[in-house]
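So that we are looking at the same thing, I have put the structure below in structure tokens.
We call the chains A, B, C, D and E, going by the order they appear; numbering starts again at 1 in every chain.
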Amino acid sequence: MFSTLLQNLFNALQWGSFYSMIALGYCLVYGVLRLINFAHGDIFMMACYFAFFIASWFLGNLAGMPGPIIFGLTMILTMVATSGLGLFIERVAYRPLRKKGAHRLYVVITALMLGFILENGNLAVLGASSRRFPDMFGKIVFQFAGVSLTNYKIIVIVTAVLAFALLNLIVNSTKIGMAMRAVSYDKFAIPLMGIPLNRIITFTFILGSSLAAVAGILFGMSYPVLDPYMGMIIGWKAFIAAVVGGIGDIKGAFLGGFILGFIEIIVVAFFPSSYKDLIAFVILLVILSVKPTGFFGVAKSTKI
Amino acid sequence: MSLLKINDMTHRFGGLTAVSNLNYELEDGKIYGLIGPNGAGKTTVFNLVSGFYNPSMGEINYNGEVINGMAPHDVASRQIGRTFQNIRLWEDMTVLENIKMSHHFKLGYNLIDVFFKTKKYQTREKEITEEAMELLEVFKLTDLAHERPSSLPYGIQRRVEIARALSLGPKLLMLDEPAAGLSTADVVELIDYIKWVHETFNITIWMIEHQMQVIMSLCDRIKVIDFGQEIADGVPEEIQNNPEVIKAYLGDGAI
Amino acid sequence: NGQSDEKVIKIGFNIPLTGDSPKVGEGTKFAAEIIKEQINGEGGLEVGGEKYMLDFIYVDNELKAESAVSAAYKLIEQDQVLAIVGPDTSSRAIPAGQVANDNRTPLISPWSTNPNTTLDRPFVFRACFLDPFQAPVAVKFADSEFGVEKAAIMYNLEDDYSKTLAGLFKDSWEAINGPGSVVAFESYGQKDQDFSVQLTKIAASDAELLYLPSFYNKVAMIVPQAKDLGWDKPVMGSDSWGSADLVKLSEGAVKGYYFTTHYAAAGAKGATKEFIDTYNAKYGYVPDDVGALSFDAVNIVLQAIQDAGLTGDLKADRVAIKDAMTAITSYPGITGNMTFTPEGDPIKDAVVVKVNDAGEFEFVANLQP
Amino acid sequence: MDNAITLVNKKHINLWPAVLGGGALIILGLVLGGVINQYIQTVLMFIGINIILSASLNIVNGYMGEFSCGHGGFMLVGAYTSSILSVLFFTKSPWLGAPLLPPSSAVFLFPLVIIGGGIVAAFAGLLVAIPSFKTRDDYLAIITIAANFIFVSLVNNLEFIGGSRGFMGMKTTIYAMEDVADLPFTLIWTMVFSTLSVFLIRRLMRSTFGKGISSIRHDEISAEIMGVNTNNMKIVAFMVSSGLAGIAGGLFAHVLGFINPSSFNIMKSTECLVMVYLGGMGSLSGSVLSAVVFTFLLEVMRPLQILKWVIIPLMLILLMQFRPEGLMGNRELTDIFPKLKPYFKRRDL
Amino acid sequence: MMLEVKDLKVKYGNIEALHGLSFNIDRGEIVTLIGSNGAGKTSTLLSLSRLPQPDAPKVIEGDILFDGESILGTEPHLLVQNQMMVLVPEGRHIFGNLSVMENLELASYPVRNDTQFIGETKDQIFSLFPRLYERRKQRSESLSGGEQQMLAVGRALMTGCKFIMLDEPSMGLAPVLMYEMFRALKELNKKGITILVVEQNAKVALDFASRGYVLDTGEIIAEGTSEELSANKDVQKAYLGG
């Protein structure tokens, strides 16, 4: 019993880490632009594919290199590629709308459409076969006290925590982070402070996409079957997690991811697994009813 | 008889006491002024009375009824009208529609009537429109009935907002900085306008304002608060010469 | 070449090319293309002494019920097809089958295993066996092969196919091993990617066998995760395992496991081997069982057309084709010999296949429940 | 000045009923004359259903300015309720066996079955409406998504109505109706209900009562201070919106003859969202137009297979770039073609 | 000549709001623009600060020269970053989710390396507006209207710009504060900061400024020193309330 609990604790930590990392990406873009970037789940999916191709290329052409080096190289290149994608999307789809002063929900719908394009474009280009993510440095299974742990699990959890710490530092303790928060409140006044608005937004998208890239690689390693629709539901759920944490707040997204991960896993552990969504979402509903702005969210109080 | 009576009201935001032990009594038919430095808690007092906040302590008695704890729309339906420091008209509705909304709590028909366009619904809608048009006529706003507020000059928007508050048929009208953002010439007009409203509708007016010209020429009685506490209360001359008020609020007028 | 008087036979395909399992639609489409190329290459299909060119119209049903319905109407009314192949999966095949039956157009689903698809619908057929058939076969095989008593089942809650099989397996298993012999009955969602808790539960139970009636791409995720969590006992699967991608995606984690299916690719002979080789040469992978079943389905339709003959009156031809299909007493398909029940369901053997060490699907047994 | 006066006094001919009724009659004539085949009828039915969906979602997302992304869930509730009623009353049901009523009575009672689904869905809307008192914006969006997931998951777990295997038997009701009179009943009722929905929403949103809903979008505080009970209005908005979605669901179920929970998942909800914003927030004609355009596009692009789902989103993105407020913005048809105004204005006012 | 506006024509969509405006400001001056509601004062300032908002006014004719060079093609943030000019906008536009202190720090972006300047300016602001110091850790959206106004002015000072434009800075301020603020601005002016202030309250504005322009429906109808304008009968009648 105890070992099952412990096992599930690790399961939840790993699963929650992915929700957290993706939720952080949502949260960053949301925190700055108040844009629910529904394409984020699919950017994450694309990151998996980028990593797949990059890692496969390295493994094919740099055979014999130590795994961690290949991993590092893949990580860097994937982050570059994914950031490029994120920036491209921002440039061609979001920025023009922003310039025209479109209602924010139109930008949200554009994001949704972009998600469709990424999913189905991928399907059209790469075909219907799922891909197997290559193994970069051998999975090791540790067994102790009836608990099975893999080295991947540990890497995932540690990375999620590090990513959060880094982001938290950037957003809350640097000037650019301060600027990011300021943009979210009032884009109008940003240039008045001599701050280039577009540069802040660009930076945000780079950060968010890089995070998706990190999550993408680790996800590929942990759940190595890639398909074009893999980012959809995890994306939606990560968004939910971000909101439950209090959208726009880094701590909230991080925590929200783990909360959702834990809820899902605990529900399955103690109830018939078919009730997973039912119970998990009822719990979320209750949380939001009690805390209408999530755990860390502050309601944008309107001055009367 | 007092129309509004506030007993020992205190309100805190977290650790900050915005209003503390305030007592207030408004009598029927007069014009009252509430002034004080920025952040003194004036708007908070208005918000407490109109039901947006529930006072941490104390009691608000309006027309013989305790109204603290009521939702704002319930307060409004007891005929308290107000305007806001920043204009809050519905910019996507016409002036007429803005005015008509005051009937919402006393429509007398329901969803089913709307769906089936019953006689009741039709007559009520007609009455509401007519009443609103009448009111607009009294305010000489008939020409603008079908304009959207955002296309109107600022001064006019202020007037529309006051007209909207009056369309509730209030006994008490609360004005939060009605002269803010108005040019000097418009301020002069506003003073006349408020006088006219007061006489025509025979109501109690309670206003917050930083332009002394407005306060001093309109108010029968003025209360000054600072840090949520009363520092003076009296007729305009007393207030104008009260050294404490001069120090905390009025200043010496020199630039 | 611009000859407008060329005679054609139009057959419609109502298949998922987008949505969660585009690979299924692709299998049907590719198999059909092979037939079309071959027959059209020979100058067309001979019906009543005349050659007809085949015109296959592929319509994407997006794996949505409503889309499958309008696709069916489109094929029947707009494209005026003689017969429809597909939808592949039951949630689409049931409503689309209704449309075909109402409009008196023969429809054959290659892969829909739910009884309701053909029930009370004379115009609707299928090329595969039914769920109530497959599950007992699996139980029977497991019982004789492993001789274990406690089983765990894990299925996809949102997939009627998976859920039905899981239920039927449970019933059959408990009929043999007594109530309570299914010690874990776990589910997951269509889009789930992490199965660790369910698997933790299963690993912690005293199950000696895991039955996994899941899509091959889920299997490829579930099995390695199960192994990571310490599951080292056998796993059995259903026909949805039958994809060439299974071994690749799971990196061989499924080697040594068994599943019930329609045909075995490894060691196939004759027409079956010919089909597999052609398919593999053309598309670069061994066809999945959907491909093979679609191949049979299309050929049954063509056979029926040849049997019935064509008058040029679409409505009459459709009815004639349906009658001819009903009349087929024995059809030697590449997935085995089949005859049709009056319901339109084939009677055929299930095949038990083992994923051998080379990663091939090796024939183990032909079984009837 | 003159503007106001004319509105009050001059009587206009209201062309709406004529246009819609005439259109419906023409369609019916074409159907019976065999000009419109069943495929086009099906497309018309889906257009009708989508009109109800987008127009009803517009109440919440457009007029009230919230962001509800769980419309599919309410559609599910309506679809299952009316399907169960339909099977229970008019066909051999798995629970009670014999039909409760003679099947031929479906001709008269069918609309009640659909409305029954709508009513239950309206009450399901409370699940979202009540949290909306305190919760707003994206937090409320999550509640609506959660509601969608909950409904889908609930039905997946309800074995007696088939769970994920789906539920069927509704076609039998339609056949029973067609036995009485050989008419395209599903098409007729879809047209009737979609027209009615648009009418009702139009009435609601033009009444002072319904304007209370719009007042929340722009300024909830103003609304309160003018005596609008915003909580009540939220309940009304959500219940009407989800009720109509339920009606759309009931029709959907009877058009298909088979439903399963995954037809109403979050993807369905996103389709509804796309239609609302494509049409323009708070524009009823926009919702109708976009439902027509969207459904039509989906059908026309079918031959493109996979590329369909690349090209349609691309077109919509481009459209947003040129019309960043949807096809109609928040205007109505009569604002774009002012000459039409006299013919489509309400007579009262 | 520090700022020279030549024949400025500005449109919102199709509506022309300014019909050929010309005025200039010398280094070290305090100049005011007065006029009734809707005269185009805010439009003028927005045109000068070149904000890229969707509903910002578009300059269709004329030129704006800063130190003799046209700034029409300059990106708005560069105007501030190069410490040319900064606007305290109508409606304050403070960053409500940041604390008072963070608002000020963020505004020091153009001078981010000059810690001495930042420190001194902060002290200056806090001694000017002690209330801000009390509230320095508070989320600024919960400040009262007047407090927000102080913050907006403080923020402009933090940018280190030598030319400050203020759009109705006295709006919503208590009288004592208004006087104090104008006195403080005068102090700043003595330290070399040029000021262009838009005011509704013409009397106060003319007391404060050395020179002024009177704007009416997008055109300048009078200009002169404060004394001249205050003495002008028409101006008195239309803008000084008698």
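In the analysis below, a residue touches a chain if its C-beta (ideal position, glycine included) is under 8 Å from a C-beta of that chain, and two chains touch if they have at least 3 such contacts.
Nothing here was measured: the structure is a model prediction, and the numbers come from that model.
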Contact-graph distance - origin subunit B, target subunit C: 2
With chain centres set to the mean of the C-alpha atoms, which chain is at the far end from subunit B? C
At the largest C-alpha centroid distance from subunit D we find chain E
Need the CA-centroid distance for the pair subunit A / subunit D, whole Å please. 34
Whole-Å gap separating subunit C and subunit E, where each centre is the average of the chain's CA atoms: 74
CA centroid of subunit D to CA centroid of subunit E, Å: 51
At least two partner chains per residue is the criterion; list those residues in subunit E. 142, 145
In subunit C, what residues contact two or more other chains? 17-18, 22, 157
Among the residues of subunit A, which ones contact at least 2 other chains? 100-101, 120, 123, 233, 274, 276-277, 303-304
Contact residues on subunit C for subunit D in the complex? 17-18, 22, 58-60, 62, 64-67, 69-71, 73-74, 76-78, 90-91, 94-95, 98, 102-103, 114, 116, 157-160, 163-164, 190
Quick check: in the complex, which residue numbers of subunit E touch subunit A? 49, 51-55, 75-81, 83, 86-87, 89, 93-98, 102-103, 105-107, 109-110, 112, 139, 141-142, 145, 155-156, 159
Subunit D partner, complex, touching residues on subunit A are 30, 36, 93, 96-97, 100-103, 105-106, 108-110, 112-114, 116-117, 119-121, 123-124, 233, 236, 239-240, 243-244, 247, 274-278, 281-282, 284-285, 288-289, 292-294, 297, 299, 302, 304
Flag every residue of subunit B that touches subunit E in the complex, lowest number first. 13, 35-40, 43, 85, 153-155, 177, 180-188, 210-213, 247-255
Contact footprint of subunit C on subunit D as seen in their complex: 37-43, 46, 156-157, 163-166, 168, 171, 252, 255-263, 298-299, 302-303, 305-306, 308-309
